[in-house]
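Every chain is named by a letter (A, B, C and D) in the order it is written, and numbering of its residues begins at 1.
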Amino acid sequence: MALSVEKTASGREYKVKDLSQADFGRLELELAEVEMPGLMACRAEFGPSQPFKGARISGSLHMTIQTAVLIETLTALGAEGETLEEYWWCTERCLDWGAGGGPDLIVDDGGDATLLIHEGVKAEEEFERSGKVPDPASTDNPEFKIVLTIIRDGLKTDARKYRKMKERLVGVSEETTTGVKRLYQMQESGTLLFPAINVNDSVTKSKFDNLYGCRHSLPDGLMRATDVMIAGKVAVVCGYGDVGKGCAAALKQAGARVIVTEIDPICALQALMEGIQILTLEDVVSDADIFVTTTGNKDIIMVDHMRKMKNNAIVCNIGHFDNEIDMNGLETYPGVKRITIKPQTDRWVFPETNTGIIVLAEGRLMNLGCATGHPSFVMSCSFTNQVIAQLELWKEKATGKYEKKVYVLPKHLDEKVAALHLGKLGARLTKLTKAQSEYISIPVEGPYKPAAYRY
Amino acid sequence: MALSVEKTASGREYKVKDLSQADFGRLELELAEVEMPGLMACRAEFGPSQPFKGARISGSLHMTIQTAVLIETLTALGAEGETLEEYWWCTERCLDWGAGGGPDLIVDDGGDATLLIHEGVKAEEEFERSGKVPDPASTDNPEFKIVLTIIRDGLKTDARKYRKMKERLVGVSEETTTGVKRLYQMQESGTLLFPAINVNDSVTKSKFDNLYGCRHSLPDGLMRATDVMIAGKVAVVCGYGDVGKGCAAALKQAGARVIVTEIDPICALQALMEGIQILTLEDVVSDADIFVTTTGNKDIIMVDHMRKMKNNAIVCNIGHFDNEIDMNGLETYPGVKRITIKPQTDRWVFPETNTGIIVLAEGRLMNLGCATGHPSFVMSCSFTNQVIAQLELWKEKATGKYEKKVYVLPKHLDEKVAALHLGKLGARLTKLTKAQSEYISIPVEGPYKPAAYRY
Amino acid sequence: MALSVEKTASGREYKVKDLSQADFGRLELELAEVEMPGLMACRAEFGPSQPFKGARISGSLHMTIQTAVLIETLTALGAEGETLEEYWWCTERCLDWGAGGGPDLIVDDGGDATLLIHEGVKAEEEFERSGKVPDPASTDNPEFKIVLTIIRDGLKTDARKYRKMKERLVGVSEETTTGVKRLYQMQESGTLLFPAINVNDSVTKSKFDNLYGCRHSLPDGLMRATDVMIAGKVAVVCGYGDVGKGCAAALKQAGARVIVTEIDPICALQALMEGIQILTLEDVVSDADIFVTTTGNKDIIMVDHMRKMKNNAIVCNIGHFDNEIDMNGLETYPGVKRITIKPQTDRWVFPETNTGIIVLAEGRLMNLGCATGHPSFVMSCSFTNQVIAQLELWKEKATGKYEKKVYVLPKHLDEKVAALHLGKLGARLTKLTKAQSEYISIPVEGPYKPAAYRY
Amino acid sequence: MALSVEKTASGREYKVKDLSQADFGRLELELAEVEMPGLMACRAEFGPSQPFKGARISGSLHMTIQTAVLIETLTALGAEGETLEEYWWCTERCLDWGAGGGPDLIVDDGGDATLLIHEGVKAEEEFERSGKVPDPASTDNPEFKIVLTIIRDGLKTDARKYRKMKERLVGVSEETTTGVKRLYQMQESGTLLFPAINVNDSVTKSKFDNLYGCRHSLPDGLMRATDVMIAGKVAVVCGYGDVGKGCAAALKQAGARVIVTEIDPICALQALMEGIQILTLEDVVSDADIFVTTTGNKDIIMVDHMRKMKNNAIVCNIGHFDNEIDMNGLETYPGVKRITIKPQTDRWVFPETNTGIIVLAEGRLMNLGCATGHPSFVMSCSFTNQVIAQLELWKEKATGKYEKKVYVLPKHLDEKVAALHLGKLGARLTKLTKAQSEYISIPVEGPYKPAAYRY
């Protein structure tokens, strides 16, 4: 199967670019494949048996080279696959498999497809009960306004559409923190409509996405955006979770002196054991050259901090949302001037001092804004988790193993994802003997660690 | 309270050395205190309120400088404390508080005190039921033979002794893998007689005991035992769990080229991300200079491996038991000659090649055998966990919060242990604002991470 | 003074872009200034006394942001400054200060200005002696053909022009390996016409240009060109001089397993002491993922090596000339196909295997071709050496201290360059006491090390 | 030849222990040999041709295991060898080869043998001229008093003894900074009596002795003396020459936060490029946990600094003499108390604060005092330089190549020393092709670098 939507039902072809229309070509796809060994190993191992034969998989994913390799992998395993752009009307379209109804499986990224179905079902039931249709004006959230509009419009054509989808759907696998959080909330409130596998918390997903991915892409973003020499500089990393650990390691190795700010004493102690000083932002705000937020929290670097920084201090965020940096405070600071040096690299000059700071990617994720995000190898880990999760859901579709709950990927499948990446890196694993296996009560084939193991 | 037993009930003074009899003095104790900031911070924070006032705490611990600082800390918080040497009859003695019965709390290290009470209660009940006394001849295990003897002898004096102990006992905190394993087995079989807190799996215990502790003490042991230059050598680390990670880091940083063997693909992938090659022992056995086992499994380096090693290759174990290295196979190898270079450092010469390998600490833990074990700072983390666990058990003694189960130390207390070590290292933590706390749904005072967080 | 040539004598304004015409603006210049603290410190320290007052300085330099900061610095110290583009006719123009003759000092970069004057003087003398004019047809070297043309044309206007230049010229400072080599050849043959200071071999020049500069720009170039994840890869660095040391350090720190090839046993031993394996290219050619040449020699990676590499192995050069990689052999390999992935990133596919390798920057310096070369801080070190050398030549112009020879910058001036960079990095130096100074026979103000000190 | 003196002329056997009397045995010697691959490679390469056949070599060396391997190596190459203990009367004895006069070659370590001959010759000439004999009372220096006594006594037996020695002597090789300094002073004053090769400044000597040696032995000494956890501590390294670089690297890698003090701006800049902060001792004296002097200068850490340190701060010296630390100021500080924790580890308590600092090895070299000095591999580099220098002197004895001057070991021999160590570390060197050799004007067999190359 090709990536293009033309092969599927009419009415959708305007939404999803096929490969030839995408801004990358067959060659780049081939190059990416070499760097996504987990997906290629899936094709080699599972392709022959076509485990997804007959399965419709909808992927609610941003279109990138790596996504394309994922989709090609799913189809190589027998699936019919559908994917979509980043807008809500695409989400809706990708769930629509024509008269035959919806997909069997969803690969979700941010929880949008899942949300749409849940809201759709809710609206249909309300409509059936009371005749009320969703009112987009009832919400201030611009995104949710669109969701309600789509659902309202859908009700006119088929008032059972989302419920039919729900019936058919075997499950969803979700890879983002945000999407997973929403799933757990649904589980807790008892409203989750189908099984969900949380691949976000697989070791092979989280360590790569956070620790190894950011260790790679933070210096990449800094260098592309500013060409600054990192060696010799004082760099402050706010937060020492996995993202912060990756950033601190990268900066230290490039020759910066790194200082970390933390709220969590355990993470702080970990930093200290690596020779990294723990101070508050206030302690160092006027001495440091580079500031990186990695916390997942808001209000980390406020405009009052930025005012006190050295001339041309670099401020950037690789954590979660752009509210880690007080962009609003900065933009509304009286007399502040914004000078765009180049796209994604702005100098903000304060009127009192006439000195300025360099803000990357307008406070949004700097590795996406200023570099190319995670390298393919990192995405290979994430996406192999998706494939393995989809295989698991599909294999167990009739067994009742997965209820309407959120499951982390079982440890042995997390290990499987890792195993699929070892060949490319030339690794040779040791095998437990039977005697050893019995001695430590661990199966020869794994899982090798208890669920709570910290790696 | 002083450490010496002379201050406590008669009949026990021959068992526990007081400080003046120990092979360290007041000065060394003072030096250790500076390196055990968690315990000293406990004294400062909790000493004034004397939370242990009236509590009898029995500590089943090996006598070391660090143990002495722990005991002094418990008594500084108001406890009457009792401790003991490493033999079973000491364990029994340390549980015996005279006519008043047993202790309120136990600090256990290996689960011996806990085992003795459980076996004692079982025997008393059997004796009451059937008149049968334990028969030391019924077991081949020499340690268990002693346990049965002690219990049998105890039955003659007081046939309710262990049951009275059990009645009084509020709980136990346990810090070893072995002891914790036994506790979980008791919990599963429904035979656990009192609440137990597993401090072995606290982050602040396990990371320090395994990762940071071994990163320190592996090169220390190697250098003391062999004076070998580590730089330029090829070193094989078997296993890349926390101990292996610490060992690999230490060897790499000292300038060795490190190769890791692993069964677990996730840990293998972690090693690869640090630039460490993953091979099997067979691949490298004749090329490497230094071999370190860290697995916790048996039969890792067999005599057949050792025969193929380079002349004067160094073989050592920092994992768990001495059976990681096939000492039995080595000792019984036909014609092998053992030449003791110095205590804990033997050269074993094979008859075919007349070349030899250097085995450290007879295959037992080389950081204990060839160096001085973990530094005080590492023990401070372990023991502060013990103190905090004891405080928690004692505080909740009447609330029913802890049932007859095994609990890991709650996350916020694990964080507390970390916090108590930060001052000494000059760290300054950041505090969440109320708005931030609400935004990420994390209390200002912690716990800051979910239970399964991997650090 | 502005940078533009319009402000100076007529006839040259078409050659040198002024700042507003350059492809960088005033803002980027200001940003670069912050990263060139040595030059800014020169302005602060020497600006007030205007040491170059009345001096004409010709700079034979490529126009970059960093060059602009250098020129502005020279003029801030009182110089009239002239600079030029990269072509020979510019070189000639930049030496022509109109009726008043030539410059007092030359800042040379590659030795072109120096060569032109030497060839000019030689031709004028030959012409005076024999009436013979230079014949551009007498040489095959296309560059030298232009030089002879320019000189021949010049002879028609003023047959003493270059000799007048020589008379006026106080000296030249030169910063490239190539230019310095030529200077030493002139010195040896007794033809050097004026004093020259070799700033290429200053510690503050060579370590930054080679070690620290490449440690920064190798991963920068790799990431921009290929987006490849460096962690987990096997990287071969050919050569372990300063450039190789920087590259190996960068790759290792990014998580690659690095293997070095070397001809020099001392450098090989240094690599081994850092845990880096020393093998030949043949040993690893089919196992590695990334190949980097750093040798300054030719024929390092031949087409026969490239044929044996893994699919999509990356091959690049950060050494000297593009002949480190056998580009000629590659281009003429029968049936080879070149596919340009993007500018400076080509995939070359071999017909036998239909697999390909990725060659960066067509074998030329990949940090220039695929990234932005050295960061400003590195150039600040080079250029501060130039300024300090120019100050020294100018100060000693009448004392005879410098004869018609090549001099390395005196140690205390090399130290001065370093000192001028410390403030920006927040460093605080210790001062020798008089007693200490006497004890080790080192002046309080330096130089602190003997000439042969290796750092 | 064995090591023992009994095999040589009478009258000396009481001075030099033979191997069986030494405090190490044949086994330890064999173990050391494996770690001294340069010396073993010398035996393999040069042994068969017996280049020292007929040569008498006197070694003025401390008796250690490594020295024994050196002596055995010299004799394995055909030399008659003589060695000695560390006292002056031994020096005299070791130069005395009985009726046949003195040695052909001297391996010197500290310049004592060289000094004795020079002073002896001077005294003999003075005696011949004026009949005056040296007067030990004429000097306050206790060491020199002994030298004069020995010479005076010698005059009575043979008034031409030292001149006969001088006649026979082909040359000396010297490996210490102190000895080399004295040689250059003699050369400058024109009093040097025979050729001398300075092996102290070979790359393979100086980098190993200083950088790699101290990187190994600083943490070794710290751990043996104090068992302190290095991770998390703040460590101040005074000086960032080769010794300081090694110490800073070791401490950083062990997890300390390192701060360096420097007088030399170039070395300071190097530290900054590794992310190490440069401050003055005053800036950090009350914050740091560990202080190490590496300067080779005096008065680095004064008693006034020590008074301000934290309780139990560790102070040690690995630089040159014990006057880097103001031991005199400490010892005479009013009311100070010294408490010996164990040999070489003292706590000094100040009366005002009743807090104390831990001083290692009484301020002398802590790696010698608290650990076992450099590992054999480091000494192998030093001693292979000695052997190669001796071979060179002996080979050229009749050619006049070496005049009465001080020579550094020629670069190609320095490279030879490195090459002899590569095999043991499994390295495989690349060979220049003839075309490459011509292209860069470097002989296929080396030397590969110019004399001033900095490595």
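Observations on the model:
Quick note on the criterion: a contact is a pair of C-beta atoms (placed from the backbone, for glycine too) under 8 Å apart; a residue touches a chain by one contact, two chains touch by 3 or more.
From a predicted model like this one, the values you see are computed outputs, not experimental measurements.
Least step count on the touch graph, chain A to chain C: 1. The angle of the rotation carrying chain B onto chain C, fitted on C-alpha atoms and rounded to the nearest 5, is 180°.
Inter-chain centre distance (chain A to chain D, centres taken as mean C-alpha positions): 58 Å. Each chain gets one centre point, the mean of its Cα atoms, and the points for chain B and chain D are 43 Å apart.
Centre-to-centre, using mean CA coordinates, chain A is 39 Å away from chain B.
In chain B, 212, 231-232, 255, 269, 272-273, 277, 425-426 are the positions where the chain touches two or more neighbouring chains simultaneously.
If you draw each protein chain as a dot and join the dots that touch, every dot ends up joined to every other dot.
Across the interface of their complex, chain D is touched by residues 27-28, 31, 34-35, 212, 215-216, 219-220, 223-224, 227-234, 250, 253-255, 287, 311-312, 339, 341, 347, 358, 371-372, 375-378, 425-426 of chain B.
On the side of chain D, the complex with chain A involves touching residues 231-232, 252, 255-258, 269, 272-277. Only residues 201, 203-204, 206-207, 212, 242, 261-270, 272-273, 277-281, 283, 296-299, 414-416, 418-419, 421-422, 425-433, 435-436, 439-440, 446, 448-449, 451-455 of chain A touch chain B when the two sit together in their complex.
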